Amino acid sequence: MLDFTGIWSAVRLTLELATVTTIVLLVIGTPVAWWLARSKARFKEVVATVVALPLVLPPTVLGFYLLLALGPEGPGGAIASLFGGRSLAFTFEGLVIGSVIYSMPFVVQPIRNAFQAIGDGPMEIAATLRASPLDAFWSVAVPLARPGFLTGAVLGFAHTIGEFGVVLMIGGNIPGETRVLSVAIYDYVETLQWTHAHVLAGGMLAFAFIVILAVLLIEKRIGRSTP
Amino acid sequence: MSETAIALSLRATAGAFTLDVAFDAPMRGITALFGPSGCGKTTLLRCVAGLQRASGFVTVGGESWQDDDAAVFVPPHRRAVGYVLQETGLFPHLDVRRNLEYGYRRIAPGDRRVSFDEAVALLGVDGLLERSPTRLSGGQRQRVAIARALLTSPRLLLMDEPLASLDAASKRDILPYLERLHDELSMPVFYVSHAGDEVARLADHLVLIEDGGVHAAGPFSELSTRLDIARGHGAEVDTVIATRVARHDETWHLTELTFSGGTFNVARNGLPAGHPVRLRVLARDVSVTLDKQPGTSILNVFPATVDELVDEEPGQVLVRLDLNGSALLARITKKSAHSLSLKPGMRVFAQVKAVALV
Amino acid sequence: DTVHAAVAANFTGAANEIGSAFAAATGHEVMYSFGATGQLYAQITQGAPFDVFLAADRERPGQAEREGYAVPGSRFTYATGAIVLYSADPALVSGADTLRRADFTRLAIANPATAPYGHAAIEALKALGVYEALAGRIVQGNNIAQVYQFVATGNAELGFVAQAQVAIRDGGSRWPVPSGLYPAIAQDAVLLNSARGNEAARAFLDFLRGDAAREIKSRYGYGPGN
Amino acid sequence: MSETAIALSLRATAGAFTLDVAFDAPMRGITALFGPSGCGKTTLLRCVAGLQRASGFVTVGGESWQDDDAAVFVPPHRRAVGYVLQETGLFPHLDVRRNLEYGYRRIAPGDRRVSFDEAVALLGVDGLLERSPTRLSGGQRQRVAIARALLTSPRLLLMDEPLASLDAASKRDILPYLERLHDELSMPVFYVSHAGDEVARLADHLVLIEDGGVHAAGPFSELSTRLDIARGHGAEVDTVIATRVARHDETWHLTELTFSGGTFNVARNGLPAGHPVRLRVLARDVSVTLDKQPGTSILNVFPATVDELVDEEPGQVLVRLDLNGSALLARITKKSAHSLSLKPGMRVFAQVKAVALV
Amino acid sequence: MLDFTGIWSAVRLTLELATVTTIVLLVIGTPVAWWLARSKARFKEVVATVVALPLVLPPTVLGFYLLLALGPEGPGGAIASLFGGRSLAFTFEGLVIGSVIYSMPFVVQPIRNAFQAIGDGPMEIAATLRASPLDAFWSVAVPLARPGFLTGAVLGFAHTIGEFGVVLMIGGNIPGETRVLSVAIYDYVETLQWTHAHVLAGGMLAFAFIVILAVLLIEKRIGRSTP
């Protein structure tokens, strides 16, 4: 039998996690992408590589190291102790940190490419029209890079929903706190309750389908109305 | 280097090309930058706008925009320039109206000296405001770009061949407006163009650039009668004469303009008596006769003295005439010069077939 | 009160039922976090908010005890597992001779390095003297659940699954491997340090040992432990 | 619609704009498309190249490129057009040489009628071959784009303001080459330009476009003396006169060109006797006298009969003169016309101060 | 103690898998990306969403469905039977299929964006220079979209190396055949042999770092020499 309250809390948690993670990814990823696109620093490709690197670790292994980092003996524990906690693991905040690290390359790379495709021209023109670099960044670079942001957001959102190894490892599968939908489905698969897994996976696909399609279509409409 | 001057000295390198220029220009009027393709005109404008780093200094009306000695480098967005690029860079994500407003809204209302509606009407872009720039023709894009630059009420307007893809009618509308800019708003303009007539009409000051360096710089009237430059710089040889409105002839729709050498009859204009008017006379429009001739359709005939004769392309002679203190260039065939036995000091008549008000 | 239990994934079904019975009997709630034993152990070392640890083996609870994450002396075996040779094909598995005939291409077992059920399967194969012959046909699931999936979807014709997985299901063909052929698969539970004074946690461990739990465990194919 | 003609009829819509044109043009020579900004010139070229869908037909020298009735639509890459765009679209990922080779290498060697070295030398891009297009000046880019289009040896060359950002010297080099193209290679050209002098120099055929439609189309010589069009189309009013080389005057470096009305003296050229030469005479360069006057530097004076007088802008009159069968337009002031009492049928003399060989 | 021969074969297999998968991803992803970038079809955003969808499923769950698809009753079994097999699961080919499906969005999206950023201009110019659409695609669109291809390849490659749930699920962990490095590391973590896990994970990171950095730098050099 499907445990509806449990599933509902997992759905809510999943959406919260994916949304918060996507927002954090965009907030952190945008300046990184901008720097990677514009900097003339020699070591910037090194940074670009480091950003992509978490990808090559299996999620549970990455999760394991994150667990060590977030735990009482790692920097995460130090931060947690400021707020009276022992560890950032097993908390929603910890999940966000893990998901952000793991999905970062999917967000940074497309935005970086979009920034690069703009070239110097529009930014120079904005400067001659009296826009400060920050102003021009918001009023010219970001709107022109919209396809990159969209791709980054969709990939980051989808990957956070499906992402599982990291979340399981640093979240601890605690119902209502860190037990997200992917983990719930995993549990059903593990315990051979396949029908339940089918239902949940189907629902998740349908939901993600609607969300992503809606985002793509809305952006297309925006793309048409603001020329 | 007064408060009323633009002074610059810039040195920049791009690949094998080196720009190395230094000149002064007045803070009023239009300074034409003239020179062959690839000589560095665009590079110069970019350095003035601060988009490209050069070493040296740029001072505009007492304001220092760059001064390496004092470690001053004002970033581009703090320089009150308007820049119309060679390839119109309209923002594709904004419609025409928002493109125009982009710079306009970034200027404090008190500093705005160009009104939105005026610029829009003048450049004929009123019907295009809701359009995406991707749906404009080449000339329409260029007009929008000009309006956008003007709307930042710049202290210095940089224009890189802004009228190149405009038809004659559009030019006829825009040119007088550019002239008014410097009359009314005292907005100096650096103007790059290959069109000799545009330059002659507009320019108060001329900077001839060759291969990254300044070949000559100075007031237009001086430079344009220096025969060596006139011959070299490839455009039509002409003379610009400063006159004043004397009276209007309502019957024949003519206006009489006086200058030291006499009176020009030109198409009637509405200027008040005494108003200064500049005339451009192409050397090829001036013919020389020994006597004042009756029964001709040519109205503008002046007594003159031959100053100097310079051989031109085979078969042609450039004659500098002195019209009681005003210089005038005439281009005639060698055969005519010979048959009239023209010599310096000789008294002749200059017939001017056509003039352009500039 | 609520007891927070970290439970090896293979015990999920039985644990859920025991939890309900525990709540009905004592009024305490139990909340489970399921996972792989190694993962749960790593989390415990990093301060996971668990009260009790129900592992899939004996080593990890022992290590928790030794390294000071668990209350010394609280450890006990809460269940023993058994392996079954299983196939989705009703005609394939008849007994040990199915292995000797070797009329199949893929034999699924759990990863012996990480799962006691996999280790048991290897030992059983060795005891039957067919390990060398079949080694090339073995495919490993990461855990016992994956082994069942391999077999149930027909990708592997047969495999060593847990008694607990097939006990409540009909169909297919199966051969319970005689317990003498492999070392006992004992699953230990332990009370964690943070729950030292937690009455509900102790009550849960007691309940886990009790008769009501024993009945549920046996229905799910687990031996009672001690 | 012969094998030696270009015929088209196209109807296309873009937003609120509708292009609806139909005209024939000769398969030899240059057809100028002339009209104000936004009238549809670029749209027309794009439809001819097949880049934009329109309904109708396009036939070039007997080859059908589009014919809706026969469901023919040749895709752009199978149409032998060379297209020089209004905004030069050089490939940024290829250096100049590879940009030039891009089209060249896609033409079978046997079909190449323009040599690589010749095009490179002529357009003065030899020094730029290893450069990236992003490192070129505006004029340099435009020259590379022209060379690239020529190197596909097209059957029809479409040029959208190709010389707009070139200086006078570059134009002087390129224009004769374009003329030779149609002489030697019989490569017809559709040429969009706002520069009246370019059009007059180059065009054999003129299509005046207004607001998406054809206002007038025909041979240049016909259209350019139709007073209604001359007044309307905003360019300089002029006349083109067909002459032939009579003899060369070595002493004065002059060449005599005969036509029905007499003999023109122009700067010496190297053409053989009998060779046809077209002259362009601006109406404002023609003055009218009652008597043949001595002692003037003007060499070209012809007896003429006044045909027609048309009032122009206030104060101006356009006079059509008949020079023994050749038409010639003169623009003079109303005052002069009055003081000379000019009337149709009157015998006068036409003084031509300047002519341009076209 | 580290089992060197085992690890070596896992390393070799991982590289083979990541390389083959990346190549297949580029080969399949490029036309899909082109179609998504150029088509005017209304349902194209639906297709774009479907391409992104596998991401939202937890890898093991996706693996489970792949197991069904590759198995004797699915299309994979039908294909396998042509070559005398029963199932595509537990084969290298099966791993490639799974990895390709799972990493597809990371490759398609950046390439699509790059194609879109090119616009119509260069393709039209190529047509007037007598390049057929296919010719222009290779000689203009692909070189201009290079940053998108690079991003797609790096993300696809890295994700395949680290990707683990799917591989674990359909691979069967057969030494020398389907046992990749990520599974080996996972084993060490699970069995508390953390030192070994550290060594392997460190090696993997170092290796991936070198590969990705090399790719980025080489591309940058190419980008500079062909202007």
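Should a chain be cited, it is by its letter among A, B, C, D and E, assigned in written order, with residues numbered from 1 in that chain.
Rule of thumb we're sticking to: a residue touches a chain if its C-beta (ideal position, glycine included) is under 8 Å from a C-beta of that chain, and two chains touch if they have at least 3 such contacts.
Being a predicted model, the structure only gives us computed values, none of them experimental.
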Distance in touch steps, counted as few as possible, from chain C out to chain D
2
Suppose chain centres are the mean of their C-alpha atoms. Which chain sits farthest from chain A?
D
In terms of C-beta pairs in contact, which two chains are most connected?
B-D
Between chain B and chain D, the Cα-mean centres are separated in Å by 26
Where the centres are mean C-alpha positions, what is the separation of chain A from chain E, in Å?
20
With chain centres defined as C-alpha means, what is the inter-centre distance between chain B and chain E in Å?
60
Computed distance of Cα centres, chain E from chain C, in Å
35
Could you tell me which residues belong to chain A and also touch two or more other chains?
60, 64, 189
Interface hub residues of chain B, defined as touching at least two other chains
131, 135
Chain C, residues touching no fewer than two other chains
39, 42, 149
Can you work out from the touch definition every pair of chains that touches here?
A-B, A-C, A-E, B-D, C-E, D-E
Once bound in the complex, which stretches of chain A touch chain E?
45-46, 48-50, 52-62, 64-65, 105-106, 109-110, 112-114, 116-117, 147-148, 151, 154-155, 158-159, 161-165, 182-183, 185-186, 189, 197, 201, 204-205, 208-209, 212-213, 216-217, 220
Where on chain D does chain E make contact in their complex?
49-51, 75-77, 79-83, 85, 89, 91-95, 102-103, 106-107, 131-135, 148-149, 152
Within their complex, state which residues of chain E touch chain C.
60, 64, 67-68, 70-73, 77, 85-87, 89-90, 168-169, 172-174, 178, 183, 186-187, 189-192
Which residues, counting only chain C, touch chain E once they are in their complex?
36-39, 41-42, 60, 63, 105-106, 108, 111, 113-114, 138-142, 146, 149-150, 153-157
How about chain D: which of its residues touch chain B in the complex?
14-15, 35-38, 41-42, 86-87, 131, 135-140, 143, 160-161, 164-172, 194-196, 234-235, 249, 251-254, 265, 267-268, 284-285, 287-291, 293-299, 313-316, 330, 332-338, 340, 351, 353-354
